[in-house]
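Some structures to go through are shown next.
The same chain A turns up in both complexes below, where it pairs with chain B and then with chain C.
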Partner chain A sequence: MSVVEALSRTRGGKRLHWTDYAAYGYLVLGVFLMFGPVVWLALSSFKTQASLLEFPPTLLPMSQKEAVVSGYDKPLPLFTVTLPDGSKKLMGQVRRVGLQAQMVDPNAPDKPINVAIGQRQPIRELAFATSNYTDPLRQFAFTRYLGNSVFVTIVATIITLLINSMAAFALSIYEFPGRNAAMVGIIGTLMIPITVILVPVYLVVTSLGLINSLWAVILPGAATPTGVFLLRQYMMTLPRDLIEAARMDKASEWQIYARIVLPLSLPALAVLAIFSVMWRWNEFLWPLAVLTKSESYTLQIGLNAFQGELQVQWQYLLAMTVLTLIPVSLVFVFLQRFITTGIANTGLK
Partner chain B sequence: MAAASDHQSLDPASGLTSGLWSALVRLIDVPMRGVQALIGQRNMPYMFLLPNLAFFGLFVFVPLVIDVWFSVTGGSALFLGQRPYVGNQQYGYLFDCGSYLNPSSCREDHFWRGVQNTLVFTFFQVTMMVLFSLLTALVLNMKIRGRGFFRAVFFFPVLLSPVVVALIWKWILQRDGLLNAGLTSLGGQKILFFVDPSWAMFWAIFVSIWAHMGFYTLILLAGLQAIPADLYEAAEMDATPVSRVLWRITLPLLWPNLLVVLVLSLIKAVQTFDEVFVLTGGGPGSATLLIVQYIYETAFANQVQNFGLASAASVVLGVVLFVLTLIQLALTQRSKNA
Partner chain C sequence: MAHLELRDVEKSYGTVKVIHGVDLEVKDGEFVVFVGPSGCGKSTLLRMIAGLEDISGGDVRIDGIVVNTIPASERGLAMVFQSYALYPHMSVYKNMAFGLENMGLPKAEIERRVSNAATLLRLTDYLQRKPKALSGGQRQRVAIGRAIVRNPKICLFDEPLSNLDAELRVAMRKELSALHADLGGTMIYVTHDQVEAMTLASRIVVLRAGQIEQVGAPLDLYNRPDNLFVATFIGSPKMNIVEATVAASSGDNTRLTLPEGRELSLPFGGGDLQTGQKLSLGIRPEHIVVAADGDLEMSVDLAEQLGGETYFYATGKGLPQFTIRENGQANRRRGDTVSIRLRRDSVHLFAEDGKAIRHGATQVPG
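So, the complex of A and B:
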């Protein structure tokens, strides 16, 4: 059996149709296009400032090999030098003056020779510039931005879960006058995204004295129609007998909510929690409008400010971008299934 | 998941959280019983609705009213009492144009450039994205090895933040970036993508599609999987050609989902801001300035904060979105009934 034949067998034993080949081709191209840029970012983030400026760029983070030569304080960059007699030799460069370079043999450090710069080739090795990651932690407010983002994400998610589950509980368990009006009102908020009410929400937040506070980022998006409906859909499927039985036992309505309905709704709450974490971690326009002091920046706003500077320090920017996408990638790896079923069921992001 | 509610859970961490939770529940139960005694069990649902509705009221409905109020007042003060009533002057400024086709002839030329750019952006972004999402969903719906993996790959960028998305592509598209390296190695010239207006718009659209198509692919895939398999089996027995199956079975049955995706992506595209703002900053000049960026800059980023004009523009945007959302709800309702 030939290789092509082996590879083109399907589980059903049938041969592949031409459409299958086209499909695999499309998907492989898709993998390159969708993952490639992220991989390129991650690889670039380990390059030194000097190798980031190289053109054409190398695929892997490479930097010049250096060696300590006795008699010199600093490690010398290593080159392969083509000597006048045609032989090649490994040498360290002491200094470069114009088109000439003073080179020294590491084994005979007391006899430097002059070489034309065209006669030497740098020796490069794979090296990961981890300082791109460690420097920003010390020099910039990166940890502060990170802390702010974590705080906003966690607190906002807790508030979102609490108030939306309470509303969903009311709308799914009870029949009461005004229920439909409340539902229409909540659906109505879908039509009023933050882009439309940017200025007046800013006024409300200012009136509450929250400008430049993280609460200004947390509060306006805490109630979400998506959350209410996701939870309500789930709570409607819970058995009513449980609730009736609890009432017989003199449970208060609050206890019914907190002790019965909420624990039973954990799967739906988990989906909403994942969504909320993603929304909050990635939120941009509103924090950009409301956070004007750098000490209250979230990661996204901090990154944007950093990339807008006149001299973009790409080596740090790339590393911080990688750090910013790590939590989301972890969510992706472990919880992707919840998100995809959540989207497929509600059609909402 | 359900284990957390299980009181016999052996996990000490979940034991601790559930212990804390029940203590908290008991603590809150005291005032809650008081409230219940006061207003009666019948009225308790209002109590549960209250926090959520208070948030919606404070941060959605009240702002909506203020938005309109802002748009008919002038000056640069933020607080309503200090803003003089100017009637429809702000709207007059926005629509004061020599010719609507030529933004330079308008009093608020940036607004009209924003409108024009948003129309171009939305048209190409939505059509190309729906097309590619459909193609990807069709491919992923085939009997293919590693389908879960491929589906995840296309979905991955959806989770990335717009800032991260923009920075990833900015790094690739910059003057000495990967793409220009590829171009020069093929014997071409370097292109300054963010200096050329057409290229900047092209990449704004491309990057936006790259970031969002996974989401729509997922919705369409769910729609495809809901099509009864026996239809395909019957077609296979009759040896129906692939193209005929596509036109006669798949696309007609997918049509309701396709419409929803179309309108949903339209609503999102009109409001695009984040990734394009970080990628191009609206430039070169105002070549990729979209309407939301105009609103943001008019209100917050310009030297003179013009809240009135920004509100007037956002009311206009709001009306457009309102119409689009009504269409979406009608379509969703119809596809549910069908």
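So, the complex of A and C:
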């Protein structure tokens, strides 16, 4: 099915049913609500600092058109000036003094005139301030932060998948006394927010000497109750016959885990991987607590550095936020295909 | 190939006992079928032999060694599951090779064995396919192939044909028979279908409520059932049972009273039959003939024309519904009155507790 076909599906019949209008109206609203902020972010990341603070704000990155006028060192901003006789003229502004601006005609640069500021309209054009991207990449250790973030995300996701799948395997395949109690205990930890355990975990991490190491970010969150729960629920749906067939086939329990259960849980693992990547990539509070040296900053903490006490460099913050969004979006695009494949894959009648 | 022995094997779930002291010996190369109604414990017993269920009491011995505590993976048995339980993420080749890889065989040997099994089961063209791309019969063959490539001591089958349609089931039944003839291994097969049991088994074990009712060759069970349960379970359609009372019994003649005062004289007697003793008389559908001067007058309820033979169901006053088989295409209609004769030499007598007292002479159906 092509994209156009998918996007133009209706309830059927010759005319559009009112539910078609309702459905599309709802979907458009949804797209606007979800995607609007992202579009705003992307467009704003190309605005100069001045146009970000401009009022009224614009959606597109607009900036004042400028022109080089002979006799002036800097390019002059261009305005449309309404002259006393009612005619309009394109002029550059040399300087502004109070309510008066000294303007000059670019074709006659030696005859500046004074114009009331109400009599001139700025000429604006679409301009992308790519320096928002290039400047921080030069000045700010973006690549180092990126490297740290990638390391934390990948290693933590691998460890999370490994540990959680083992726990889920034990809790779903084996029957032992206390199995349900263990599960309830794991689920129960979901109710404890990170802010509550921030200090104790910080103390543990400190006494292990992990402060300012990326492992301090990776290890405490490696075993997630959500992941164990998700994988366990999925593994419980695997037919028991498969496990027993593997036992009859002389497979050890490790082989059953690695060669039967893990491959068959791929869709659930993909979902957890997506979650884990998003959690780790976007994690802020915990890394902020344990990473104090800038060489161990992750991207999120690095971005925070643009937010000074007195001034926020919004243009850099927005641009770097866009860069930060790209990898996690790509991961989602690639991994979400795994979710659908393999679901109809049980092979049992 | 191996010799299996069950000694007083028991299984309970909590306080509920599901297998009550089963004793059984399966000899090398035998094809033994466990048959019984659903819930009789036949699958549980098989899984206990496999090692997939704990044994609550008694011993399971394979080649003389008690295997009670040996895990399934180390017992050296193979099992074919009702659901086939093929590994969906592996190709047919991988499915069959999985067990061999776990045994640590060299690659060349694995390849040789898998391709032999594939040839035997006509799967050579499908080796690279995933199970979901196979038909039911092919999946079944892969499951069997996976079991036999390992040359297991005993091959266990847990209702392997019950997911197939009727036609395929008959075809696979023949293949399994041929396979056993070719390979000659020890096989234990669980089914609730007594036709499968009759056609496949070298010996049948009839189970009911966790106990063995009778063990024997198919025709032994058919001709000389030990009790009423086996008599009615084995044979399709079922044996007809009618209540009777002993009117008189002498050395070579027994007279029975049937419901509504009908009398039946049998050409055998027995000292242990008491006058007035209540009995169940059993007679198979093919041992009843329609005759002018029959023993019982009955009215036809329903006739089933199978082409080569006709079954009709008839009731008489005070009698349960009888199933009667006739050769060829007999023209019976609902409401027709027929007079039937029970072949005296094929009558079975059962005591009130269900135990067989007398069997008619062993008969070839005729």
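Here, the second predicted complex is superposed on the first by the 209 of 349 C-alpha atoms of A that agree within 3 Å, B and C clash if a C-alpha of one lies under 4 Å from a C-alpha of the other, contacts with A are read in each partner's own complex, and residues count from 1 in each chain.
Note that in this section a residue touches a chain if its C-beta (ideal position, glycine included) is under 8 Å from a C-beta of that chain, and two chains touch if they have at least 3 such contacts.
Remember, predicted model here, so these are calculated numbers, not experimental data.
Asker: Go through the superposed model and pick first if A:A182 touches only chain B, second if only chain C, both, or neither.
Answerer: First partner only.
Asker: Under the stated touch criterion, which partner chain does A:Y21 make contact with: chain B (first), chain C (second), both, or neither?
Answerer: Neither partner.
Asker: May I ask you to name which of chain B and chain C touches more residues of chain A?
Answerer: Higher number of touched chain A residues: B.
Asker: For A:L264, select first, second, both or neither according to whether it touches chain B, chain C, the two together, or no partner.
Answerer: A:L264: touches chain B and chain C.
Asker: Classify the contacts of A:P239 with the two partner chains as first (chain B alone), second (chain C alone), both, or neither.
Answerer: The second partner, chain C, only.
Asker: Of the two partner chains, chain B (first) and chain C (second), which one does A:M248 touch, if any: first, second, both, or neither?
Answerer: second
Asker: Once the complexes are superposed, what residues of chain A are shared between the chain B interface and the chain C interface?
Answerer: 252, 255, 259, 263-264, 344, 347, 349
Asker: Which chain A residues qualify as touching chain B in the complex?
Answerer: Residues of chain A touching chain B: 10-12, 17, 19-20, 23-24, 26-27, 30-31, 33-35, 37-38, 40-41, 44, 53-57, 162-164, 166-167, 169-171, 173-174, 176, 178-179, 182, 185-187, 189-193, 195-204, 206-207, 219-223, 228, 252-255, 257-259, 263-264, 266-267, 270, 278, 281-282, 284-285, 288-289, 300, 303-304, 307-308, 314, 317-318, 321, 324-325, 328-329, 331-332, 336, 339-340, 343-344, 347, 349.
Asker: Show me the residue ranges of chain B that touch chain A in the complex, using the header's touch definition.
Answerer: 1-2, 4-5, 21-22, 25, 28-29, 32-33, 36, 41-49, 51-53, 55-56, 58-67, 70, 78-80, 135-136, 139-140, 142-144, 150-164, 167-172, 176-178, 180-181, 184-185, 210, 214-215, 218-219, 221-222, 242, 260, 264, 271, 273-274, 278, 281, 292, 295-296, 299-300, 307, 310-311, 314-315, 317-318, 321-322, 325-326, 329, 332
Asker: What residues on chain C touch chain A, complex-wise?
Answerer: For this pair, the touching residues of chain C are 50-52, 71-74, 77-79, 81-89, 98-99, 102-103, 130-132, 136, 139, 146-147, 150, 163.
Asker: Using the touch rule from the top, collect the residues of chain A that touch chain C in their complex.
Answerer: Spelled out, the residues of chain A in touch with chain C are 239, 241-242, 244-252, 255, 259-260, 263-264, 342, 344-349.
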